[in-house]
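Just so it is clear, A, B, C and D label the chains in written order, and each chain counts residues from 1 on its own.
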Amino acid sequence: MAMKVAFLGLGSMGTPMATNLTAAGMSLTVWNRTPKPGAVKGAKTAATPAEASRDAEVAITMLADDAAVEQVVFGENGIIAGLPREALHVNMSTISVALARRLVEAHRGAGHRFVNAPVFGRPDAAAARQLWIVPGGSADDLTRARPIFEALGQGTFPMPDPPRAALAKLLGNFLILATIESFGEALVVAERAEIDPGQLLQMLTGTLFGSPVVKRYGQILVETGFEPAGFRLPLGLKDAKLALEAADELRAPLPVADLARERLLTALARGREDWDWSGLASVIRESAGLPPRR
Amino acid sequence: MAMKVAFLGLGSMGTPMATNLTAAGMSLTVWNRTPKPGAVKGAKTAATPAEASRDAEVAITMLADDAAVEQVVFGENGIIAGLPREALHVNMSTISVALARRLVEAHRGAGHRFVNAPVFGRPDAAAARQLWIVPGGSADDLTRARPIFEALGQGTFPMPDPPRAALAKLLGNFLILATIESFGEALVVAERAEIDPGQLLQMLTGTLFGSPVVKRYGQILVETGFEPAGFRLPLGLKDAKLALEAADELRAPLPVADLARERLLTALARGREDWDWSGLASVIRESAGLPPRR
Amino acid sequence: MAMKVAFLGLGSMGTPMATNLTAAGMSLTVWNRTPKPGAVKGAKTAATPAEASRDAEVAITMLADDAAVEQVVFGENGIIAGLPREALHVNMSTISVALARRLVEAHRGAGHRFVNAPVFGRPDAAAARQLWIVPGGSADDLTRARPIFEALGQGTFPMPDPPRAALAKLLGNFLILATIESFGEALVVAERAEIDPGQLLQMLTGTLFGSPVVKRYGQILVETGFEPAGFRLPLGLKDAKLALEAADELRAPLPVADLARERLLTALARGREDWDWSGLASVIRESAGLPPRR
Amino acid sequence: MAMKVAFLGLGSMGTPMATNLTAAGMSLTVWNRTPKPGAVKGAKTAATPAEASRDAEVAITMLADDAAVEQVVFGENGIIAGLPREALHVNMSTISVALARRLVEAHRGAGHRFVNAPVFGRPDAAAARQLWIVPGGSADDLTRARPIFEALGQGTFPMPDPPRAALAKLLGNFLILATIESFGEALVVAERAEIDPGQLLQMLTGTLFGSPVVKRYGQILVETGFEPAGFRLPLGLKDAKLALEAADELRAPLPVADLARERLLTALARGREDWDWSGLASVIRESAGLPPRR
């Protein structure tokens, strides 16, 4: 029988993910803060998260930040109120370690199961079922969630529990920022030296640096293609701050995250809210006397 | 007929490289500051760089730093004095942009050809003919040097001229340092959170970060395997400073290089001269209250 | 007639401040989370902040952090509940800009007057009535508070409103941290060069750098006299983070605060919770291979 | 009898200093790279440093950087060649520690005496005989130089030897940069919060931060009065780099100097060669979305 799924959050990531779940034969009821009728073909629409969750075996959240997840879970018509006992909440949003801990507690109290399963990948990867998933939860719960993960991604990297899954995801995002920062610096030096940045990038990816994230973001940096955003700059700032907050609690310095955070703040001070987070490189460019884009 | 090659510098990189050239059928005369008789089977030995270069078509330098290259090229019995007119000097050492410029001038004055061709790869890559080579020079000279590059590496990434080849190599080393720094920070946060660092590394290389440099150095960081050195820490500091110097001249800030430079200084202040340059991560560990090694 | 004052918080700062107020002829009722009978000669003791405030014209809070102020103001037996209408709350604790805003709203709603008046100075300055006070509030309210300020400090520097007074104080603390960081760095270089740090400090304070904060903290740095604490290291970290948070909201980078924050984190990771915040310099010392103290 | 002095370098500092020496009754012969006839009333003019030094008891150098000092001392018609045996060279330029060491050796070889005596103070302080002097040399030589120091400054802070005097001066300049950086950051936060920067500065100098350097540079920062330059930005960059170089050699990190260096580079990349070094604060302003000047 088709798995009954409530899907909460139809942004640039959630919409293709929900679409893939219906394509995999699941029975979806979707909800979005701003109603988006017809966004997910074959899915029912609910007026509140609680209504969407009423008969669900699994509720999935794919939302922008902690505040949105808190609202959808703990709010008046939220999941805590709506989801049946023993049903499973799979949060796929990037959230703070502190919120992951709070979700564990709250769902335990409500008799729910909970898996925190943030993802790596931009909207095109979501559409192509190429996400990487980092799930944290009990072995049983991970087994229950497996069909969902198979319908959405190309692989999973389990972590011991929900808070550590949140942390692993934040560290991954930190490393993407670190890549943007360091390659951004190197490409600016090259441009000032009149080395063709595309040629330098080819050398770098052709030798020791050829990872997907370098290829992807390297190309954006070379083209200074900071719009349209795949992941908006204020969300990047949010994640930099969540990583710093988690590291603070662990008494572990993260100076490269400080650097990225400062760049992102400057980009926002210059009115670049709608740029991609890789747009932090525009600030590196300006610090070397170059225009924000080529 | 066998190409006549003078090979100057038989350190941990030069020795396997020279050995590969003799294996490729070239006729080698080798020289090292400290004589190493028998280090390269089948090669003749000379008492000075000039003597080694006397009949050479090509002189190759593979030395530790600017000072060593300056001595071997401009010193009393150096290449400038010894190499025949029209012969080719291929420098494969990592040198400053300023020295690359000076070599262009000096060889032009002496009627020599000159290619600056620094390499990426550690001693095991040198032994396995797996170096990546970044040559800068005229098209003709690159053609002349091709058999050498084929005998030593797995590919070339040409740059427009010798100083830009020096800069591209320095930027590559800067990015290795940036990788060590940023993954070092992330792995320390993981360790403090009692996430298994090996498991986190597996997640990172399995998703978006799977480049050779991340796989290689990530493993060293996880094992804190900072000895024996593949590339010694003081040489890493030297390269960080050369990158900063080149960037200064271009009026381009490189704050991640500052960070790495400070870490390397601290590692040296703590007596770690003989550690691998990835040992800068020991300082990150200590800044989070962890022992320098696991 | 004697001004009736509720004084909440009898820590290392609050105790001498309350004592000075009774010495100035005011009628004090004091409260502390952990009762401290007899700490302030001539003062009555109350069991809760509300009880202390019941008949007060002015309630003064001098507490460690936002959480403590929130508890004392908004808690079950807090000031909001206990203070008569039209009475004045003078907060002298260092708090976040966000909490200052919230206090403005809450007191307006409760019909109270509110002045935010954080202070510069360590316990000995509090005892000697040498505090500097940075009050923000309406002109009328500042006039009402004047006798208090005169009994406690050597001068006031008014700011336009309570949140800006909070910010000005945080910027002051940021600058103390910046002073500790930069003089800490300079003195470490001197020590490594075998220049007597005391002699260098004398040169610095004798030429262009002779401010009270340099004289005070410079001496601590020279002696590495990080214990006992005048202001504990975790409180310094708290203030660094509040400054960064306020600056974030304003889209203004504060990289020197990042640097100090990282140092403080490292000091805590090394178990130095009970050291003075100037103990961040111990981490600078260690980064140059020196012991944490001379 | 009047002391015979050769004075080499008639820039914005040297001219008022030489004028003060003639006013003190000394017999001056002056030289400048670009002849400036009549710049110092009552002084003779020489065509070369050697000619100026020929009959001198003391030769004073007040020049822009290491290169200029090297030329004037070691050049064809330099002091080494021209100064009589047993005469004294007093260098008052800010130079590298390495050059101070080299001067010690060279003068010893030539039978000269040598004192390295860099100064704190801008051109107006030079004119007003308000310089602070940091002399390093033997006790005898300091005694010989005393009349000069008395004619030029308001006090001396002796260091054990010439290289340490150079280092102490560089650390002082580093601390001025650190002051500009940290107060620049604080004032930008204030401006973004619509706190009047002048009012904040008044609070800061009125409480704990009232040193001459804070008063002086604070005012420049408040007015964003970066032109005309009292000390040009490229010279500030030079000194930041000399401090970093000296600290590197001592294995002591100076991250605040890195930060200042990056700012200065950016200011130069934006074409601000002729601004005062305090103009690094323009870059802080821009990083928060403010115009370079108010």
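Observations on the model:
Here, contacts are C-beta pairs under 8 Å (C-beta built on N, C-alpha and C of every residue); 3 or more make two chains touch, one makes a residue touch a chain.
The shown structure was predicted, so the numbers you read here are calculated from the model rather than taken from an experiment.
When the partners of subunit B are compared with those of subunit C, the chains appearing in both lists are A, D. Steps from subunit B to subunit D, minimised over paths through touching chains, total 1. Between the chain pairs A-C and C-D, more C-beta pairs are in contact across C-D. Between subunit A and subunit D, the centres computed from C-alpha atoms are 52 Å apart. Centre-to-centre separation of subunit C and subunit D, using mean CA positions: 38 Å. Chain centres here are Cα means. That of subunit A falls 39 Å from that of subunit C.
Residues of subunit A in contact with at least two other chains: 251-253, 255, 259, 262, 265-266, 269, 287-289. Subunit A meets subunit D in the complex at residues 262, 265-266, 269-271, 283, 286-289. Remark: subunit C residues 120, 132, 134, 155, 157, 159-160, 164, 167-168, 171-172, 174-176, 178-179, 181-183, 185-186, 188-190, 192-195, 199-200, 202-204, 206-214, 216, 243, 246-247, 250-257, 259, 284, 287-289 touch subunit D in the complex. Note for the complex: subunit C touches subunit A at residues 241, 248, 251-253, 255, 258-259, 261-262, 265-266, 268-269.
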